[in-house]
Each structure stands twice: as structure tokens, then as C-alpha cells.
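Chain nomenclature is as follows: A, B, C and D, assigned in order of appearance, with residue numbering initiated at 1 for each chain independently.
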Amino acid sequence: MINWGMAVISLAAAQGTGSKAVANGASGFLFSSPVDHALVAGTLVAICAGVVGTFAVFRGQSFATHSLSDIGAAGGAAALLAGVTPLAGFASMGTVAAIALESAETTSAKDRDITTGVLLGGSFGLSALLLYLASNFTNVSGATTGVLFGSLFTVSASTLPFLAAISVVVVLSVGLVARRLTLASFDPDLVRVKGKSPRTAGLIFLVALGLAVAMASLSLGAILSAALMIGPAASVLRLTSRVGTAVLTASLLAVAETWLGIYLAYESYSWPPNHDGWPASFLVVALVLLVYLASRGLERLRVLMGGNVGLSGGSATERGRGATPHV
Amino acid sequence: MANGTVLEARDLVVEFPGRRVLDGVSFSIREGELVSLIGPNGAGKTTIFRSVLGLLKPTSGLILTRAKRQSDSATAATTARINGTAATATATSTVAKRAFGYVPQQVSFDRELPLRVKDVVRLGIDGHKFGFSRDRKGREKRIAEVLEETGIPELASKRVGELSGGQQKKVMIAHALAGEPEMMILDEPLANLDLKSQDQVVALLERVSKVKHVAVFLSAHDINPLIPVTDKVIFVSGGKAACGPINEVMNSEVLTSLYGHRVDVFDYHGRMVVLADPEGGHHHDHAEGHGGEGRLNW
Amino acid sequence: MFSSFMVNAWIAGTFVAVLGGVVGFYVVLGGNTFAAHALPTSAFAGAGAAAIAGVDPLVGLLAFSLLGAVGIASLENRASQGVPTALITTFILGVGSLFLSITNSYGEQIFAVLFGQVLGISRGELWAIGGTSIVCVGAVGLMSRPITISVLLPASAEAAGLNQGRMKLALLAAVALATSIALPVVGALLIFTLLVSPAASARYLVSSLRGGVVASVMIAVITVWLSIGLAYLTNLPVGFFVGTFGVLGYVGARTLSKVTSR
Amino acid sequence: MIPLSRRKNVLRGRLAAPVALVALTSVLAGGVAGCSSAAQFRNGSIRVLAAENQYGDIAQQIGGRYVSVISVESNPNVDPHSYELSPRVASEADSAQVIVQNGLGYDGFMNKVEAATPNPHRNIVDVRRLLGLPSSTPNPHLWYEPQTMRRLAISLEATFGALQPSHRGYFSARASAFFSSLNLLGTKIASFKAKFGGQPVAVTEPVADYLLQDLGLRILTPFAFQAKVMNGVDLSPQEITAQNKLLSTRQVKAFVYNEQVTDPVTESFVAEAEKSSVPVVGAFETMPTPGFNYQNWMAAELNALSLAIDSGMSSRNLQQGALNG
């Protein structure tokens, strides 16, 4: 395993303030294997998140993105019962949910959120059943199937190639349908006119989304997964409407947020009150939220500075269609 | 404010940081009048509506309504300067707003909304009120009345999400009318409608103004479908406005001075065609750049 | 089937069903499903904060879910498409993990108070859930017309002098109140499912507003009664039946409306 | 709702898949009633409901043929959002005469069920209260301290005796038998302590901490670390590095982890220990069944620990063995 920490020397150096704690922290930061693995895994997930998230936000599917990790947890419970790897359960349940969502023929973003909610409720019910069965008929004690936080720094070296492979699959499949997705986001009829089905593209995308969410939830935890999928992409889409630029910048932003979060998590070891480190999940999620709020502020500032965004800013003139990107 | 005037705007100025959207706009609307607010995109039509509705505070100027005299953010000094005698600024905005029935430009109803035409009209009567409704009978009677007036009684129990665009527009007009407003404000009521629906909506609006004596204040970017029914036109461009009968406003001199460069108006078989000089002269200070387009899009 | 704990479950279930049916109708009407999912999640951080501050967990619960409601109502608009909701939810969860890592004590102890059991409801809790249901249903009833016009015709509502942000906040506050009091009693699963699924199905079956509320409540009540009964007979979790009936009812209602509209 | 839980994802490779599938199929096929392992209380005997099976075991050992013990099979570690009591447990709680629970939020659902089935004549034994521990006790795994079970046995003997005074003699005889086997365990602990006391060990969670402390072992993993793993919140990289260093530099003689919870965090340390040839010992959170009672479960853990420290052997699964010897 090459020391990936070296790759971020410049990042750490840039952060260096000369204080003793930071200096110590920085040198350890670069040569700490939990940090190395977290950086690699975080980078892979962040790149996927940037790519997938851009389209998810673009298509107004934040709720679906968020829900897929919960729906996947029902699959995790099934995997537990069947004695197979949770990723298989997560991914297959995610695929089933994706197919169900896409075939539901929802008429608006609102309707799609409602359908997502109904499915989510159903999957909670299924989880309840599967966990009941698991705890009644197996000898598993600590059997839960959702990963909320806490695995960022314990990603093992052996799972990294696996993560890389899934990332490649996810990025490639989104790349395959990217143009059609973009077109369909503006108007599905544009795709139909070309004799293609906007549904196929949507389905492939949702399956890729499910896979990405499963991978991210299982390796980094569900809240990091949801935040990275949605936050950076939404921040970027506030400021650009070009798909290519958005995908690229969202990925870069996600990577940057992850790295900075990891760095802060490392530094936080010397922070009060306990001096045993703040949770990395909290730090990354807080960064993601801050950047998003900043991008909203920046967008507003641009409007105020006389940019040509909307005349009145009033709701009466706001876009009717949900799925169009922000200007 | 003269007798019979429903709305008067005096020297309205609206500034957003860095630019002035309205630069001293004055006009008045009398009861039963149908007034068309015409102008290119971005000229400030929506800003005028939002100011009138009280959703936006003008930087200076005065908006007077008959129901109540409503002062904007105007300081006493501004009021005095404009009015000579101070216009009392006692109006609560709610009261003033209730004087209007508003039809927004874009309303889209999802197909699966459990919402009938009747329900939409009912919301127009007391939808803004908290608490539980009393006088159910009177309300149902009013709904039937309004549906009759707008010519859509047969749609009463239909799901509004399943109606055509033209029908939905009529439903929204009924919704706005249900509150018995002094004035209807309609943002681009003809946009996205086919010709037949446009004619129906125009005819309906004419009935509203002439039979019900409700002032109708609507915006459009094409005057042509409205020529036969329009009593008065307000033409906005570059933050300035001209107000008066069609032939007094829609002519080459007035439009040229508004745009700040040469504009020609032709009568072509009863339709008005407005052409701007492609060389464009200099832009008006606050114009949004639309003035320079070769052919104005209306 | 009608021993004391079952009677309590029937009664509490009915209260929650009515609450979910009514509040959920407006949640679904406005497409606020995501918020309905997000707000109870805030309870996590709330319980952690309450433990650190040494106050009643219910206080923490209410404080954080109302905080979530304020955040969502002020950041969410038509263009933002659930993004703020997602980020606020994950952030509050993150704050919860921060609190948990600060306390260094047994987390389950903090959260045990949060997880309700519909079959474990005491007489005292029955009063709490009944009172909350009545207050929430009443409040939403009083606000029903302005909420309706705000979610369906935002521009008209604004022109009529209703503050959109405040109306949204009022609805979300009702959801926050309903969930944070019902959550520790009947559990998150029941609350969320009953907020969403019955109202979602009702839309297809009834075409009027008032009919929609009534249908939503009826579907919710029937779902809960059937689920508790079946759970008793089969010894399987109540939540499994509620979730399953939610999905089945929704699919059924959709199919029915498609068939009849042909 | 994202599951909120102190437990994280579990990859249970060692789980008997066929059993689970058979169970699932039979439930779905409608054979529901016969499926639950929960039995009905026997007529005429003292009805005891135990939240955890190790407590149920003590009740059975003391009560013998005059008690009918049911342990809540559903365990408190599953995702509390989705975890639901089955109606049967609620009705068992309703009719139980004695309820044994750990307390400390470990089995908080029991409090709810008890409140729902009010019964002034029911005896509720809350182990935390019985021991007089504060409710802020950070480590809830009270049963890993053999003295806890002694206190519980004394309490149960009295409770049972009050419920069936005619069998007092029987209960006290069984209690004496239990105490003597507990003493045997005590002797083993003492000799272990004499032999290996002061030896350093590393752990993931505080599951077996009470026992390890009795054995005089030095737990080098900080409690803050253990609490984080127990609560499922993020460890800091420094903590992980320190823990890995304990293992890779073989500063510890054994590595004890929660055998029933294998998540990525735990797995990574197990892998590190195995890589560094530090013997690994699986500690069970609840009593493994079948074939174990409390004493020989503890003895088996003891054996596993001494095998690890003495001869460097790993025991991820417990070997069944008699307490004697």
C-alpha cells in the first residue's frame, strides 16, 4: 500500500500554522494508516458522490438518495438472515427499490417524494420483520443492519480495491446515460422524440445511485454517504448550470470536504472537552452544510450585485418545473 | 384620488441593489376598466404587480387603493412631496390586499391532487382565513354563482388536475373572483394558451370588467389579442411607463421615447406590429438589454 | 386480544392513526414527505443534548425537532428540492454523534426513552398521546384552509397576505410536535408510515379536499386496527403489517385510479 | 429513518444460513404460531420472564421445577427503531409473577411493557437497582461480574420463597448448589488471578470488562475508546493507531472482542491482532445456547483467556466444557 498520505502533504503543509500541536499532528497525519485508508476510501466515495449526486440533485432526488440507505438497510437485514455479505443485501434491495421508484410513473417531483416515502415506510416494516426473525431464530446478538457513523477510519486495506471497482462501475454507468439524463431532466419528451426511453436512463441511474449509496453507507456510514451525495452537488449547482463543470467541481468539492474533514478529525484529538477526537462524521457533515449555506449566500450575493438571475426573486416567476437546474 | 379610481400609482421607484427596475412609474385604474400592462420580458411588469399586491416595498412613490390608502415605505417627506397633502399611511396591508383577486402566471396542479374545481373556488372565498368556516350555505351559493359567471358550472366537481390549461386558467379566474375583489390582477393570463382558449379567457375578462364592473389589470407581452377589450394600456420599458388608451401609447413617438431609440409601430390588418431599429441607437440607462433586439417579441 | 395492554394498543393506535391521517394529509398535499422523515430523526441529537444538559429527554426532543422544522422551513424553497432537508438531517445526526462521543456513557440508556412500543403503552402515556393528537389535529384543523392554499396556490396565498414561510413552519411545527411526543410512545416506524401512506393512497380514491382528509383518516385507522389484530394472531411485529399495508394500499389505490380513469 | 443504534453493521459469516432460511420460509408459509421459540408458562409454577437469557438461567437454576422461565428471545441490541416486542412477550409480561431485567437502558423496552401491564403483585428485579448502582453506570454488562449473579440468586430465592412458601427448602437447596458452583468459579478466578494477574489485554467493547477486572488483567484500551465502539460513534485516527500499536507491537497478551457483534470496526482490529499473532478471544454478549449455563459459560471464557495468555491460542468460539477442573 503506497502511503497516500504523501499525496496530501501540500494540503497539510498549507494548513500548518506552526503551533506545536499542529506540527505534531501533521506529521502523524501523513503517516497514520487509518488516515491513509480513510483518505483513499473517502476520495473514492467522494468522486462517486460528486458524479452521482450532481444528477440526483439535478433531478430533484435528494429524498430518494437519502432513503436508499435506509431501504438498503432492510436488504442488510435480509442478508444477515441469509448469511450473505451485507453489501449484496444492500445493493439488491437498492436495485429493487430503484426499479419500483422508476416504474411508479410519478407525475411530479412532489409525487415522487410521496412514492419514495411510501416505499420507505414499507421497507421499515420489512426491516422490522427481518430483524424479528433474525433475533428469534438466530443466535446473533448485536444484529443491526444499518451503519450510521463511525467506520471512516477503520476501512481496511483489503476493501479498497473493492471500493475502487464499484466506483468505476458507478462512474461509468452514469457516464453512459449522462447525456440522456440531462436531456430528460429538462423534458422527458425530448428524449422520447429521439426514439429513446427516458425511463431506461433513469433506471440505470437509480441503480447506480443505489450501488453508490450502498457502497458509501457500508464504508463510511449512512450520514456521511447522504451528506456527500447531496451537499457538494447542490452547492455547485447553485453556481453553475453546466453539467460537465458541475460534475467535475462537485467531485472536487466532495473530495476537498472529505479531506478537510479527515484532517480536522485528526486535529480534533487535541480539542476539548475530552481530548479524544471529535467524530469525523460530524466534522465532514458540518463542513458540507457550511459550504452549502455559503453557496446559497454567494448565489444571493450574485443576484444582489445585479446578476441576471430572476427579476423579482418572487415565487410567482420561479420556475415551474422542478427538475431544471438552478441558473 | 379621483372618484371611481380603484388604484393609483404615483412615481413608483423600485431599486434592487445595483439597479433601478422602476424609475418613476405612474398610472391609475378606474372601476370596470380593463388595463393591459405591456412590455418586453424583464421590463418590470411583475415588479409592478408585486408592488401593487404589497409583496414588495417600493423604494419610493405611492400606491393608493380605494379600499384603503396604502402608503409604501414612503417617508412622510416623500408623501408630502408627491401628494401635497399627506396620504395617511394607516392601511394594514391585509386589508389592501383583500381588495385584489390575483391570478398568478403559472399554476400547475398535479393530476392526483384531491382538489375539485369547487374546492379551488372555495379557497378563493375564505382560503386565507384561520379557524373553521361558518355560513357554509352562503359559501356554497357563492361558489355556484362564481362558476356560473365564469361559465364553467359543469366543471364544478371535476378534479382540477385533469383539466386543460385553458380550463385551469378559468378556474383560477373564478378563484380570484370568488373573493369579490375590486380589481383582478392577472399575470400573463394568455401565456401558454391556444388561440381558442385565449379568446375565451379574453371574453371572460371582458365580461368581468364590463358586466361585473370589476377592474381588470393584466399583463401580456402581446397586445393583439387584447386590442378589442383593452380600455387602457400601460407600456413599460426600461423602468419608465406610458399610460393611456392604446392609440395614444402604442405609437412610434411614445415607444421611441420610452426605448430611447427608434421604434416603429405599424397597423397590419388590424394587428399591431412593433419594430425596433436594428442598429439600436444607445441603450436606455436601465434597460435590460432587450431594447437592442432586432424585433421585439410581441 | 383485549387484555389491558392490547386495549391500550388499540386506543393509542387509533389516536396515532387519526393524527397521522389528518396531519399526514397536509404533509402529503404539500409534498413534505421528506421533512416528515427528517424531523423525528432530530430526536437523536435531542436525546443526546438532554442527557448532557441533564434535562428531560422530551425537552431535548421537542427543542431539536422544532429546530429542524425552523431550519427546513427557512432554507427549503421550490428550487431547493429537498437538499436543505437532507443536509439538516445529516447535520443533526452528526451533532448527535458528537454528543454521544462527548458523554462517553452507555448510549442505549440515553436513547431507550426514544423508542416506543405500540404494545408497551401505559395508561399515563395514553393520556399523553390522546392529548397530543387532539391538540395537533385541532391546530391543523384551525389552520387547514391557509395551509391548503399555501401549499397549493403559493402565489395566491402570498397575495392574500399569508406569509409562506410562516405557514410552512406552522405545518412542520405540528409534525415536529406530533412526532416528538408520539415517537417515544409508539415508535418511529408507525408514526412515519401513518403520516405518509394513508394520505398518499387517499389522493387516488377521493377527489375533494374534505373527502381526502376523511379517507386518509379512515385508511390509517383501518390499517392500524388490522395490523394490531394480525400482529396478535401471528406474533409478528405490528410495524411489519403497518408498513406492508401502507405499500399495498398505495399500489392498490393507484392501480384502481388508473383502471377507472380509462 | 436511519437506524439509530449503538450497533453497527454485522457480517455474520458464521451464521447458520440454512436455519435462518428454513425459519423464514416456515413463517412466510403461515406456520407462524409454531415458530416462535417462546413457550407458554407452565401451570402451577412461578412464572418468570427474563429480559436476557443469562438472567433466565439463574432463575431456572434457583427455581428448578417450580418455576417456568421464559427469556425474551428478541435481544435489545437490534436496531431500536425497528425492534418491536412481539405481542406474546407483552402477554407474557402481563401474566408473569417475576420479571428479571438488567436495567441501565439495556432492556428499556421492558419498562414500557411493565408500564403497559400494570400489576402490583408482580416482582420486578432490576439488576442495576439490586446492586445499588447509579443510573449513570457507564458499563451495562453487569452479568460479567459473578458477584452480580450471587446477589440475583439471593434475591430470587427470597422472591420465589415468598411466592411458594412450601417450597422454600427446595429453593434454598438449589441456591446453595448454585452458590457452591459459583464458588468453584470464584476459585478458578482466584487462581487465574494468581497466575496471570497484571497481564495486559486489549478489548473493543466493555462487554467482558467486569470479568477481566476480577481476573486482575490490565485493560490497556482506554474506556473512552470502548464507549465509542459500544455506542457506534467514530473513533479518532489516533485512538485507532494506539489500539493497533497495542496489537502490532504485541504489548498485550490477548485481544478480547464482542463475538456477537462483528462490524467493520471490530473486524479491522481482529484482523490486526491475527496479523500480529496476538491471541484473539471472543466474548459473548449474551449467554450462548444451547449447552451452556451461566457458570460454565464464564468458565469457558476463563479457559479461552488462559489458553490465550498461557499458550497464545485464539478461541473465537467458546468450547463447551464442564466447570470442574
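To be clear about the criterion, contacts are C-beta pairs under 8 Å (C-beta built on N, C-alpha and C of every residue); 3 or more make two chains touch, one makes a residue touch a chain.
The structure presented is a predicted model; accordingly, all values stated were derived computationally and were not measured.
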Identify the chains adjacent to both subunit B and subunit D in the sense defined at the top.
-> A, C
Innermost chain, where centres are averages of C-alpha coordinates = C
Check: interface with higher C-beta contact count, A-B vs A-D, is A-D
Using the average of all C-alpha atoms in each chain as its centre, how far is it in Å between subunit A and subunit B?
-> 45
Subunit C to subunit D, mean C-alpha position gap in Å, rounds to 36
Taking each chain's centre as its mean C-alpha position, how far apart are subunit A and subunit C in Å?
-> 25
Could you tell me which residues belong to subunit C and also touch two or more other chains?
-> 37, 93, 97, 101, 104, 155, 158, 188-189, 192, 236-237, 239
For subunit D, residues that touch 2 or more chains besides their own = 1-2, 4, 27, 35-36, 81-84, 86, 224, 228, 232-234
Residues of subunit A that touch two or more other chains: which are they?
-> 108, 110-111, 124, 128, 132, 148-150, 223, 274, 276-279, 281-282, 316
What is the complete set of touching chain pairs?
-> A-B, A-C, A-D, B-C, C-D
What residues of subunit D sit close enough to touch subunit A in their complex?
-> 1-5, 7-13, 15-17, 19-21, 23-24, 27, 35-37, 73-75, 77-79, 81-84, 86, 222, 224-225, 228, 232-241, 244, 258, 260-261, 263-265, 267-269, 271, 284-286, 288-289
Hey, which residues of subunit C end up touching subunit A in the complex?
-> 28, 30-31, 33-34, 36-37, 75, 77-91, 93-95, 97-98, 101-102, 104, 154-155, 158, 164, 188-189, 192-193, 196-197, 200, 236-237, 239-244, 246-247, 250, 254
Which residues of subunit B touch subunit A in their complex?
-> 16-19, 21, 42, 44, 46-47, 49-50, 55-56, 104-106, 108, 110-112, 187, 288
Over in the complex, which subunit D residues touch subunit C? Could you list them?
-> 1-2, 4, 6, 27, 32-33, 35-36, 38, 76, 80-91, 93-94, 104-106, 108-109, 111-113, 115-118, 135-140, 223-224, 227-228, 230-234
Which positions of subunit A touch subunit D when the two form their complex?
-> 28-29, 32-35, 38, 69-70, 73, 76-77, 80-86, 124, 127-128, 131-156, 218-219, 221-223, 265-266, 268-269, 274, 276-282
